[in-house]
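You will see chain A twice below: alongside chain B first, and alongside chain C after that.
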Partner chain A sequence: MSRTRFRLAGATIALMLAAVAGCSGGEGVDVDGNDAAGAGGVLNAAIGGEPDQLDPHKTSAYYSFQVLENVFDTLVEPDANLEMKPALATGWTTSDDQLTWTFTLREGVKFSDGSPLTAEDVVYSYNRIIDEKLNNAYKFGTVKSIEASDPKTVVVTLNAPTPNLLANLGGFKGVAIVQKANVESGEITTKPVGSGPFAVENYSSGDSIRLVRNDNYWGEKPKLDGVRFTFVSDPTVALQNLRGGEVHWTDNLPPQQVPALLDGDDPTVRSVPSTDYWYLALNQARKPYDDVNVRRAIAFALDREAITKAAKFGLATVNQAAIPQNSAFYYEYAPYTHDVNQARQLLDQAGVSGLSMDLMVTSEYPETVTAAQVIASQLEAVGITVKIRTLDFAQWLDEQGAGKFDAFMLGWLGNIDPDEFYYAQHHSDGTFNFHEYANPNVDRLLDQARTETDQAARKQQYDQVAKQIVDDASYIYLYNPDVAQGWSKQVSGYEVRTDRAIRFRDVALAR
Partner chain B sequence: MARFVIRRLLQSAVVLLGVTVVVFLLLQLVPGDPVRVALGTRFDPQTYEALRARAGLDQPLVVQYFDYLRRALTGDLGVSFRSGRPVTAIVLERLPATLSLAVTAVVFAMLIAFPLGIVSAIRSGSLVDHAARVFSQFGVSVPDFWMGIMGILLFSGVLGWLPPSGYVALTEDPGRWASHVALPAATVGLVTASILTRFIRSSMLEVLSEDYVRTAEAKGLRTRVVVLRHVLRNALIPVVTVVAVQLASLLGGVIVIEVLFAWPGIGRLTYDAVAARDYPVLQGAVLLVAALFLLVNLLVDVLYARLDPRITVK
Partner chain C sequence: MSEQQISREGQVRRALSALRRDPLALTGTLVLAVLVVVGVGGSWLAPSGINEVDVDVMLQPPSWAHPFGTDELGRDVLSRVMVAARVSLQVGLVSVGIALVVGVTLGLFAGYYRGWLDNVLMRCMDVLFAFPVLLLAVAIVAVLGPGLTTAMVAIGVVYTPIFARVTRAGVLSVREQVFVRAAVSVGASDLRIMRRHVLPNIAAPLIVQTSLSLAFAILSEAALSFLGLGVQPPDPAWGRMLFDGRGFVTEAWWLGFFPGAAIFVTVLAFNLVGDALRDVLDPRQLTVSEARRSTA
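For the complex of A and B:
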């Protein structure tokens, strides 16, 4: 009897093994079937999540801009040092009163479908953002009108001098020049048409986005035939894909492994200091955080080195102000040395003891969760009990908007001009001033610097702002993180950028 | 039979209507403002109001619901708040990936669970039986995402046999589909197999103690005939239910596994929609999953009658 039973089971198991063996016959490396001789190949890039949509004016997701950086153009664009350089515009002049900017467009620029890109397209794109009140409308706050005086000339008229107009018009692809027909057909959400080095060929929801070289591109022709973006949210899996050769490039690396990866040469992993900053904000509408001494006490109680080590595995530079060293607006100021006694003294002065602080962090940014634990243990040493609240980002934003927090930790990413982040976060009318900081002196300086056309004077005004914000501990700045990306040995010509823009136009793939 | 099916379909429609109400109301209770999530951190108040109005979120709830229902009846599940694309298309294009993963996982689970369950029931107390119990204990206790990562590290990292993640449509390239589906399906399948093995074993044991089994053996039938015709067939009834429930729940998308393996199915869609508070997509996905669940249950009821003539469909 037993023999028969085992034969029955054995047959089934054999069948199963055969099925599994059959499955393992799949090949590893896949270059998408584009094996034409002399072709540049298709680069497989793994990004950490899926774009919500591909309309550059309507998305706010970084995943979207990772793709769109390669598809669209702006009038000007930041170079490696984040200085604005010609892109679609070859040059520009400003009137003496600084209220009229005249841009000259490049000759013969075409969209990827072959239709010409003219001044009318620029006017259409900007007016779309302004009239429909799209995400980046705030960047056009001082713009009175935009006109095309001829097919090659765009005239921007302003209500007030705007020294950072170029950064507003070219800082990132959220203000890209789009095609009217593409917008009106609704195709822009999945099949946008731009004038950049690549064009979107196919968007397969949940799976991948395929770009092909844009043969109508005005700049130097890209060497690659195309780029295929896949969405791999787990960094361990993304790294495995890179090592296994299925992926040639990824920015989704497990942070704890980056230090070791930087020492190796396959895959190549590079990191550069980014322009982002991460900070702790205390709710000044709540007691006792309205007291500057309490805020300063917390600033003294923090050991930024330890926080950075835990949250970023050392891949960050501690900073007590917002702006990183490599920026033209950097202001060296670090009054808070880690000093428990000083912190205790300040708390005593404020008459605060046995304080319990609610700290809100988000699982969307795991580094805030890790950092919060270190912050909690450091504040415990000065007698503050921290209650960490970890929320998903949607709920986090809700609580922030409603002012329901004692403290939160967050970052501000891709910064170029200080007007944007200082004004939004520290002006009493700022759109992101949820911690309700108000200092008339800072308000005045921010208003002044916003329209100051003398660069040296403007820098000085922002230096004063920076100092005052740190002294008031409006935000308690922690660090500027590095941006780390990795690519396989086959990839050449790629540079990691401090603003996290992903540009594949100069990249080649050895095969 | 036809009347039974029609009646069940009508009942299903009522259940689906209930699902829309519950999902719609539940979403209102979930904290998190979709407009703020969509805008990110940089915007001005006018932009906020404009987007809120465009998405119809400024309308009263009742208006929003009936508007949704009216369009849903015509097959239009609305427009994704985030991507601006029709929800019906978004949900349906994710179906093949989830279907192929769920079916493969269940087949894989059955291939393990049937021999293991049968053998450990027939040879209860044997080494195989003990091994089977250890296996199923392991399968239900170890978290599937951990098993998935271990699978990736072993089969993709160390051995290099399988790609670590990604998806190729079955219709596009069956070979590459198989190599991509193997790891996620095995991960999900192991859990299902553990549950199934236990059920098959206990169900078989129950039937094995029946008088007619002894009679069958006594009249000299071969073991294979007794096991396959008399025991297995009778033991299958509860097993069919478990397989169906497992399949139905897998059709709802295996969220963690789909996210881990970058598998473009319903589970991952749901996950992304929750994070973005994309209500229309979430409603559409839940509605589809509920519909699939009802369909599978209907098929099970019909299958019962085929398996056991004592059960009649009225």
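For the complex of A and C:
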């Protein structure tokens, strides 16, 4: 009895404390927002969800990277055209055998806490990813060793030539340079220390993440005093907040309203083609999907235009291959015209009739649920009954890993190098080849292209890979979506990037 | 015996005449009749197929061709609302059926035999009762996996305790009546006594409870499918349609409005009929309503 009362009392105190903390937190924000000393102001950005953690090497959530893009640096980083440009490294040289890369670090780079960033930090960061087998360890697959020959020089030694090493080392902030002390104290998950334009000031779970300008930043000083990220899961609400002025920037716009928003000028909404692709995969370990004719029949039965229109309201480009048009590795190949008769003929050839197909989609990505309904109605026209199975994402991943599906639909986000588009998905040893595709010819080409240093030859090899994968209908590619973001008229200097990186370093806020 | 039968016929006659006289109840009954027709014949009566996707006519406002408009995939909303009526009725009837059969059986045994059996059964019911209805239903669906059948089972389970309680309460008073003791004394078996003497005398509150539970079961089904735990797409369900229409409130109000209205009208109809039945059948309410009628 007394214990219960004690606990109740404890709960009351906790509630009161929370209320007080909430009040003071609110005041703090107001003070920041009206801070007359900083002319830059604080930009309020609404993102669709909360990061799971802020350790760039351990998180795989896009919400985390939206924040971390502004906090961390990599040796090199993609520019607007996704070409790798100097960042922490000012230059690099490659040995004649392509097996030794020597990076020269920028002078005078400091972490936001004022401590210097040296070659040792680069070595520590990369070895952490490799030794602890973190998410991005595969990007270091060909790396034999990483050494700091002096505080300004990093030498990367490889087992095999790796033409896409720069993309691996700088494609996104998942391979950022972190501080050893910050990792070892465990603070990196909530208060990471980086060398980027902003530093994390405060992370209050369930509410917001506040960044302040990093005065030790090596590049041009950001104009903003800071950025405040809030988590708004409902796109309609995010748009309302943007219109009402509580939010200056959001990427969580209701897709059905984006076409109309693009025409207006307040708020400013821009969209660019992304490097993402969405696809349908058929389980080739199961009959009859092991038969290429059945897979091709399904590819012919789909009307990609209709699927894209329903799933993305036109904010996407139909594509029958993976790599989007804006990439140097784009290969124009579209053999599958929407043709019901052709599909029926192929099914007849395969001796398949009255097929019932299980299609696994996830509520985490509502566009898969929408697209699946269109796919179901299109396949019905060729005599295939589709049973749509909507799962939550964790369960979906379990089923995918266990191979318990006839078909699934999903997307790959933010890939840059063609190796990222194909190897893990279509090599017979690929870590994401859950649909059990195996073609020795494709395996050979993928292994070869991985280490091909002649760009023209490499492009040609990937063209062959693309053609073979499309012909075999390993994945049935559907579309490359656009990335749409909106900001208020007060915001200037912001550009939407095709790799979805959110960079506020050059942004200014009019007041 | 014969007296009881006369009184039961009297009850039925009174119920019917009360329904006829009460305009609200009459409206409710008519709506339910229409609903049953639509529910049974929905797929034949519907102007177009429920999965006729045509993205060229997506999000069209109500018109003569599509009286309820079209949804984000260009499907006819009227047809989908009509076919979804079957789902709602089916879930309502089957789940309440489960609750009725299981609950009444448990309540009968608990109330008739009393003792440890009563204790065990009713404490189990208390445990189920302690959970908020929807939370329990969501938990059951989470374990069994989403779908029409599991939704029916889940809703059936969560409404079982209320039937068990209502039944037991009735049995407790009836089992002390003289005619039950008489039946015992002439050597009738327990089952026969429960079936022939106890059950008919507690039927009235059960009928009322059933009609009200139907309304709640349909609401629960809508809530479950709103949460994505009921009927799976592309099959239509009112709750699911409401959920899908949520993102379009500003551009296409008809996506959410018509399924929402269907839920509203259906639940209201069941409630009106249920209220009217209670007025007639519930002895405590009876005096009030008769007094009201006699003064009118």
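Please note the rule applied: the second predicted complex is superposed on the first by the 475 of 511 C-alpha atoms of A that agree within 3 Å, B and C clash if a C-alpha of one lies under 4 Å from a C-alpha of the other, contacts with A are read in each partner's own complex, and residues count from 1 in each chain.
Keep this in mind: a contact is a pair of C-beta atoms (placed from the backbone, for glycine too) under 8 Å apart; a residue touches a chain by one contact, two chains touch by 3 or more.
No experiment lies behind these values; they were computed from the predicted model shown.
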Chosen between chain B and chain C, the partner touching more chain A residues is B
Key: Partner chain in contact with A:326 - chain B first, chain C second, else both or neither   = neither
| said: Contact-wise, after the overlay, does A:236 reach chain B, chain C, both or neither (first, second, both, neither)? | reply: both
Quick check for you: in the superposed arrangement, does A:309 touch first (chain B), second (chain C), both or neither?
second
A:317 contacts which: chain B (first), chain C (second), both, neither?
neither
Exercise. Could you look at A:257 and tell me whether it touches chain B, chain C, both or neither (first, second, both, neither)?
Key: second
Overlap of the chain B and chain C interfaces on chain A comprises residues 236
The residues of chain A that touch chain B in their complex are 1-2, 4-6, 8-9, 12-13, 15-16, 19-20, 22-28, 30, 49-50, 52-53, 55, 58, 60-61, 132-138, 141, 186, 189-190, 204-207, 230-234, 236-237, 240-241, 243-244, 246, 364, 392-395, 397-399, 401, 410, 412, 420, 424, 431-432
In the complex, chain B touches chain A at residues 31-34, 36-47, 49-51, 82-85, 90, 93-94, 97, 108, 111-112, 114-116, 118-119, 122-123, 149, 152-153, 155-157, 160-167, 175-176, 178-182, 186, 222-224, 227-228, 259-265, 268-269, 272, 275-277
Listed in rising order, chain A residues that touch chain C in their complex are 235-236, 254, 256-257, 306, 309-310, 363, 369-370, 372-374, 376-378, 380, 388-390
Interface with chain A, chain C side, in the complex: residues 51-53, 55, 58-59, 72-73, 146, 228, 232-234, 247-251
